[in-house]
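Here it is, the structure, as structure tokens.
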Amino acid sequence: MATALEFLVAFFLIAGAAFALIGSIGLARLGDFYSRLHGPTKATTLGVGGMLVASSVHFTVRGNDFSAHELLVAAFLLLTAPVSAHLLARAALHLQVYTPVDVPGETTTPDITP
Amino acid sequence: MTSARLFPQPMVSVVLFAVWLLAANRFTVGLALLGLGFAALIPWYTSRFWPDAPQRLRVRPLAALMALLLYDIVVANLRVAVLILGPRSRLRPAFFVVPLDVRGPFTITLLASIVSLTPGTVSAAVAQDRRTLLVHGLDVPDIPHAVRQIKHRYERRLQEVFE
Amino acid sequence: MIILAGQIALAMMALAMLLNLWRLMRGPDIADRIAALDTLYINSVALLVLLGVVRGSTLYFEAALLMALLGFIGTVALCLYVLRGAIME
Amino acid sequence: MNLLVAIVVAALVGGGVFLVLRTRVFSVILGLMLLGYGVNLFLLATGRLRTLVPPILIEGITAYADPLPQALVLTAIVIGFGMTAFLVALALRERHLTGTDHVDGTHSITRDTEAGAEIEEIEEIEVSEARADA
Amino acid sequence: MNLLWTLLLPLVGSALALMLRRSSSTVIAWTAALPVCAAALLLAWIGPTVLGGDVLREQWRWVPAAGLSAGLRADGLSWLFAMVVVIIGLLIQLYARYYMETSRELGRLYALLGLFMTSMLGLVFSDNLVMMVVFWEATSLVSYLLIGFNREDPDARAGAQLALSITATGGLCLLGGVLLLGRMVGSYDLETVLAAGDLIRAHELYLPALVLVLLGAFTKSAQFPFHFWLPRAMAAPTPISAYLHSATMVKAGVFLLARMYPALAGTEAWLGIVSTVGLLTLLFGAYSAMWQHDLKGLLAYSTISHLGLITLLLGFNSPMAVGAAIFHIVNHATFKASLFMAAGMIDHEVGTRDMRVLNGLWKHMPFTGALAIVAAGAMAGVPLLNGFISKEMFFAEALAAREDGIQWFVPFGAVLAGALAVGYSLRFVMEVFFNDEGREHPQHPHEPPTFMRLPATALALGCLAVGVAPAVFVFTPLTRAVTATLQAPAPVIDLALWHGVNLPLLMSIVALAGGVVLYRLRDRAYRWHDRLPPIEAADLFDVLVRFTRHSGGRVNTALENGSLQRYSLLLITSAVVMGVTPWLRTALPGTSNTLTTLALSLPDAPSTVIAVMLVIGVFATVRQRHRPLTAIIAISVVGLFMSLAFVRLAAPDLALTQLLVELVTILLLLLALPYFATTAHDSPGLRLSILRPLTPSSAWRLWRDGAVAIAAALATGAGTFLMLEQPFTSRSAYYLENSLSKGGGRNVVNVILVDFRGFDTMGEVAVLGAAALGVLVVLHGMRFRLDAGDVQFSRFAERHPLLLAMIARAMLPLALLMSMFVLLRGHDLPGGGFAAGLLTAIALAVQTMASGAEWTRQRLRTDFVRWIVIGFTIVLSTGLGSLAVGRPFLTSSYQAVQLPVIGKIPLGSALLFDIGVYVVVVGTVLVILNRLAQLSQDLNRVGARS
Amino acid sequence: MPEASLLIVAVVLPLAAGMGALLSPLRVRRVLLIGTMLLLLVIAVAITVRVDEGTLLLYRLGDWPAPIAVMLAVDRLSAMMLVLTAVVALATGWHATGGVDNEAPYFHTLFLLQVAGLNGAFMAGDLFNLFVFFELLLIASYTLLTYGSTRARLQSGMHYVVLNLVGSTLFLLAIGLLYASTGTLNMADMAVQLRTVAGVHAPMARSGALLLLVVFGLKAALGPLSFWLPSAYTAAPSSIAALFALMTKVGVYAIIRVGTLMFGREAGALANVFEPWLLPVALLTIAVGAVAALSARALPRLTAALLIVSVGTMVAAAALFTAASLAGALYYLAHSTLAVAAMFLLAGNVRELRHRPPAFVFGSLFVAAVALAGLPPLAGFIGKVLILQAAPGGRAGIGLFVAILLSSAIAVASLSRVANTGRAIRVRLAGSQPPVPRFMVRHAPSALLLMIVALSLFARPATAYAARTAGQLVDPQSYIDAVQAASGSR
């Protein structure tokens, strides 16, 4: 049982790290900014997710008590990460960062008034 | 004193209470009572910042949505991983506009967030009139399909949860 | 086994962070650098959780929690600076 | 580990010193921040390094990291923030008044601009005032 | 008490004069002069005792540690001097009453004169060398006020300035000499020092002490080459000149020579220095006096010359010469004071002192003329006047000294000086009262009032009396004074008028004749003199002063060049040098040993990752310094990994605080960044006037700074490493042992912060509050003025992105909850007031970022300065609470409260303290951020209008 | 122990008053400021009287036992500094109520925080606590120095702030090095530990000690670290410049404190670690100040230059670390602080005049000049005599003699120009009518001058106190014993 759970923990650790790494590879490797943006904002999210599952399992097993505060980290990240991505994309658009595709513009008029 | 006055934003209070217990990572009566106190006090102050916080939601559609989301995130993550590691020339990135049916600002926010959280798409801008969402896709061979996907899988379910 | 997996995961995280840092220094656009910083924050959360598991310690957790809650603020502020110059206006 | 910390302290201090010696006030601010990080790390290290045993008492554990340097560093971090904030404000005001971000406010500092109470003889002062006006 | 009263009475006069300064001049004069009269009577009263050979002493202790005892001592020398000071002082007071009749400043004049008199009396009566220096400098200081009496007159100010600079500096030299004497003798007591002459002269410090004392004397007595302040001091009103430069101030120097004679004289060095300086001064003064056209200028140079004469006499190392010197001191005081008064009367009645304008006054002012003739005769050494006798003695001593080894030029010089003295005395009389060339005077001349003539008359009569019957009038006091001076029986002083035809008489005749010839040849001489380059010592000194100040200024500007880089470099270099020096001569652990420890301390993987990221982050920050926005991103990386490093190094509290502070700092820097943008790149959202680029640092400067940086890095790095390799024991075991039992908390860091060292935290919180106030003060009233074009919006520059606003609002309750969580658990687990406060502040600041300042302000409805006050009050109250129950400030107490259902809850004062900290931190951060944000809000208002 | 409670009051009172001032109208703020300073003066005198009995006053914060507790420890030296602080702050605060205090907000609070920082620094018995109070007085001083935000104030203020921020990091480094080698922060305890440091700990502690010297030297404006001072003090409002006469003394105090307590003769490997550096640096300071005095064109800058000279003088004396030299240094310190403060205030008042100063003002200027130049009969002269008497033989003694006499001569020559002050030559100001200085403003310097006169008249008890203080300093064992004996009830 312990070995199986340990295996599970190990799996999630490596899976999480792998997604984090892939996200960063995406950030480093992809050709234009908007594409690069996809790597981190998702792979990293799942990367942390994997770690959190590992942590939850690990500490629940070790501590004889249900460890759930990992859920909180996940919730906070899921709440906030989209805002970062959104603003990054928006900032890039504002900066007129090069993009190989058209940006449909009619629908995004500036919002000056609060 | 009615419970409405005690908990002006019951949803928020519930979430806060849950977060409190999660953060404490253990349960005692004392902690719970303290958490209850904060769950009552904090919305009492913050409601002026967020007066239109959702007052209620449907639990079953929410659960369904979350399950779907989890599934989508995992699956799409794998797909995107392959895309990232594969040759760059295979990518077909595109911006596209998603017309919105949801109206509430918070719901729109949630939709945009979901779009961003699921791999392969990022919501880049919400129009001033809040009727369209500008989305960037990493690999979008078929834009109308992508739009339908978002509206069908997420927007509809969101409406079920909140509206 | 957890220790070994932890070492491998750690190596991967290290590589990920180095890649982020490379992007951060490389740019070319300011948005790239901000995105790299954002990723570094999120990776740090992952790293902290990972360390917690490997070392069997819960004391890394507070930092991870606050980083998850507030890590986006740096990104937001930088983006707002780019968007409107005044981050608090 | 010891070497690692030493290298990091060295890097932070070196970078900080270099930036503190720049002409732009913004660089100086960054330099002071780096210097502060370096010194904080050093101060933490004065209690010698421990990992995994933060000074949070748990039954059964007797060896902990030295808590005192941690308290000192915490104080130093907070004070450092206050100082940085003030320096930023001062830099802003100087920038506003002088139009430059040079740490001296200008390339050639003005001396005695507000002195008054001159103790030179009249003629010299008049000459110098005329020069100042010209 | 007699001596003390002598000193105090003139002061009483001063005080009265000052109090009655608005009264009539007569009242002022009387009230000031009466106490001086009393002092004179007192002196006369003790006269017989002193002249009988007794020494009077009065002693008080002032600063025993400094060897300062306010002792007074009267012997023959000091009594004689005091008499001169007081009597001439009285006459001057009488004279000044008329001379300064119209001045509204008469009260001030009398006050200062009284003060000066006291200083002089203190000087002569001091029985302690340090006290003597005190009074010495006092005379310099009062003379500064007297010479610069007309504060509106630049010449008077300059003269005063010069006099003070020279004489007070001389006084400082004297102080040095006196201190050396004290070191040699072991006492500053005058008699002890005077009695220790042999010891002093044999001591290795003798020469420096001698030189220093002589510098004091020479500057004060206007000896060449320090003479030049005296003519400039003539800018003073004439009564002041008459007093200071005949009888008192300048005589202090020669008094000192006389006073110190037993201790210092009698050596080759004394002979060589004193007599050489005296002779040079004698000749130089006499020569210069010949060319003066201003009456007072002539008198000034003649004074210099006569002081030289006295100095020369004292330099002869001969008791008889000392007698002559002291005699001449008195004589000179008498005739010179009366001559000054005469000059003043002329100036007063005629309106000029220029001898080229004055002529033929005899017919208008015969009485004044007679006085002037008598006094000038004394100055020239005409027989039957007092000056003749002392000059005779001088010639005799000059001749005698030759035998003692002084060269032939001493008597020769003496005669030459005598001839010159006759020449300028003749000028004084002839060119003023005779030589009637019919030139108009500025005012119609007439005799001055009787009472104005009275003092000068008295003095002239004195000249005559002493000149005719010297033995009757001065023998006893002179002998007594000489005895006191020598501290040994005086030689028999022959004061007879006629010694038969001898060499001195011959010299007198030659001098008189020569003087007449010189006077006759004056026109030719003037023409010759006019062709000479007009070099004046005072001008040379001015040049010297200006040069010194100029070069001083240049050195100063070169050092204090106003460059922060220079100062920082000095500071950092000093630190590196001082920090490294102790290691240089220390044997460091051997190489093999180090290698072993190196192997033992191999880093683990996560630490290495963090360290590598930190180093790269630092590198990136430095590299990107020219692009502030990028540099901020880079330094954020450093901050982030610092926080991770703290986690790694078992400091979770630090990690939390670092993380949060880092975020706030980024906000801070970004709020300021629009104004520090150097390229459009740094300021994409806002086209504010981009700063002009500064001159890039030269390659050499970069290398230099780089070298210093590397040195600092190596020093701190090596120090850190060596430190870490050496284990130690600290007092921290106490904290670990007692944190739970006595502090009631498991998080020892937090217990230290709020309990063990809560006082530090209180100070720290005060620092934070002060920083917030400082920001408000520095930015008080500041607004950037901008053009509409400075702010540019693209279609994507949404002002308040919907997503951000919604998430921020949703996050607020969560963040507040987490703040409470972090705050309350801080005592047992990582967290506490600081982290909680920062968390709350960030959550509230994000509202402004997301929804705008106005929106947020409407909802916050609070003044965060008040938060600082409230929070700090909580902190203080916690401390004072323990004071109220009789325990020291900040003594914590906690009670485990047993509550139904909930169970045991520890309620501690430390928690209250931490809550106070929390409130202050929230207030501080928001005050600062909001104030900085206001600057940008001004900008955006401009943007919105466009 | 009710007497020892005075110590904590001396810190808490100004802090509390400062907070109160934040919520009060101007008139109340002024009353708070002056009232607090008066109370502090009374407290300081009471403390002085008490510690002059010969035993230390100790206050252990939080009732913790001796080396653990953050401790306020007051001996004669600290007490003297408290009195000096109260006097100077009272006079300058009084002067500031003439209107400077209303140029920008929060003056009174910052002023009181500054005083709290000064008092705390003078009483701190713990090295890190000393750092905290240094920071408090520094942050307040940063603001006060740039108060009113004129161009010159900002320019020189920026230098002051940046240098002191670097200084603060150096201070932390030094504390770290000393803690790393002794394991304690309590200065008395550290002194005991330092006696036995060995191995790498010895050079480490020496390194920390010398870094402390750099930090304190920067505060005191010693040697090559003084160049920031003249411009900063010249530009500052005169009330503030006068208050800042105390700031350099914090550095001097700290040098004397740690130099005698921690690095004195009994300090083993650390014995006399300051000595080889201090005298040369002090002589250099005198030279630097004298050169600055030579070129000063206006009274404030001249005062600042002479302030540097005076710091050099007292540090040169203190550098000998003998009872006699310390006594001279301390007496001179008290005098020169008052003199510099008075001169800054007067220079500020004269700055307002459009014509030659009236007799009273000129008289005050003259007395202040005499005091500043160290001429008799005022206390500065006595101080210099004491210092010169304590001079050793040999090159050090010659250096001291020459430096003090020469710098005094330069001071006299420079100050002799004081009669030139206050001419109506500022053409550019011709239009504006300068305000007539209020009573407070006019007489604040007089109060300081009276103090100088008192210090001179009562030189006998004053020098005796200085001698007793010095005696206490050169024999730190009683201080250490007293601290070690202080145990708590917890």
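Labels A, B, C, D, E and F are assigned to the chains in the order they are written; within every chain, residues are numbered from 1.
The definition used in the following text is that a residue touches a chain if its C-beta (ideal position, glycine included) is under 8 Å from a C-beta of that chain, and two chains touch if they have at least 3 such contacts.
Computed from a predicted structure; not experimentally measured.
Participant: Just tell me the minimum hop count from chain C to chain F, counting one hop per pair of touching chains.
Facilitator: The fewest steps needed to get from chain C to chain F is 2.
Participant: Return the chains shared as contacts by chain B and chain F, ordered by label.
Facilitator: Under the touch definition, chain B and chain F have E as mutual neighbours.
Participant: Hey, which pair has more contacts between C-betas, A-B or C-E?
Facilitator: Higher contact count goes to C-E.
Participant: Would you kindly tell me how far, in whole Å, the mean C-alpha position of chain F lies from that of chain D?
Facilitator: 23
Participant: Take the average of all CA coordinates in chain A, do the same for chain E, and state the distance between these two points in whole angstrom.
Facilitator: The computed centroid separation for chain A versus chain E comes out at 68 Å.
Participant: Between chain E and chain F, what is the gap in Å from one C-alpha centre to the other?
Facilitator: A distance of 16 Å separates the two centres.
Participant: Where the CA atoms of chain B average out and where those of chain E average out, how many Å apart are those spots?
Facilitator: 73
Participant: Indicate the residues of chain F shared as contacts by at least two other chains.
Facilitator: 128, 132, 135, 139, 142-143, 146, 149, 155, 158-159, 162, 166, 173, 177, 179-180, 185, 231, 417, 420
Participant: Would you give the residues of chain E that are in contact with at least 2 other chains, written as numbers and ranges?
Facilitator: Only 157, 561-562, 564, 568, 572, 608, 632, 648, 650, 652, 671, 673, 684-685, 716, 719, 723, 725, 728, 730-732, 735, 756-757, 760, 764, 767, 770-771, 774, 778, 782, 793, 796-799, 801, 803-804, 807, 810-811, 814, 818, 829-830, 852, 932 qualify.
Participant: At least two partner chains per residue is the criterion; list those residues in chain A.
Facilitator: In chain A, the residues touching two or more other chains are 23, 25, 37, 39, 45, 69, 72, 76, 79-83, 86-87, 90-91, 93-95, 108-111.
Participant: Spell out the part of chain E that touches chain D in their complex, as residue ranges.
Facilitator: For this pair, the touching residues of chain E are 154, 157-158, 561-565, 568-569, 572, 597-598, 601-604, 607-608, 611, 614-615, 618-619, 621-622, 625, 628, 631-632, 635, 638-639, 642, 645-646, 648-654, 657-658, 661, 664-665, 668-669, 671-673, 675-676, 678, 691-692, 694-695, 697, 705-706, 708-710, 712-714, 716-721, 723-725, 727-728, 730-732, 735-736, 739-740, 746-749, 752-753, 756-757, 760-761, 764, 767-768, 770-772, 774-775, 778-779, 782, 784, 828-830, 834, 921, 924, 928, 931-932, 935.
Participant: List the residues on chain E that touch chain C in their complex, please.
Facilitator: Of all residues in chain E, those touching chain C are 605-606, 608-609, 612-613, 616-617, 620, 623, 629-630, 632-634, 636-637, 640-641, 643-644, 647-648, 650, 652, 655-656, 659-660, 663, 666-667, 670-671, 673-674, 681, 683-686, 688, 791, 793, 796-799, 801, 804, 811, 814-815, 818, 822, 829-831, 835, 839, 842, 845-846, 848-849, 852-853, 929-930, 932-933, 936-937, 939-940.
Participant: State the interface residues of chain D toward chain E in the complex, per the touch definition above.
Facilitator: Residues 1-15, 17-30, 33-34, 37-38, 40-42, 44-58, 64-68, 70-71, 73-75, 77-86, 88-93, 95-96, 100-104, 107-109, 111, 121-122 of chain D touch chain E in their complex.
Participant: Taking the complex as given, what residues does chain B use to touch chain E?
Facilitator: 12, 15-16, 19-20, 23-24, 28-30, 33-34, 38-39, 42-43, 45-46, 48-50, 53, 105-106, 108-109, 112-113, 123, 125-126, 128, 130
Participant: Which residues of chain A touch chain E in their complex?
Facilitator: Those residues of chain A that touch chain E are 76, 79-80, 82-83, 86-87, 90-91, 93-96, 105, 108-114.
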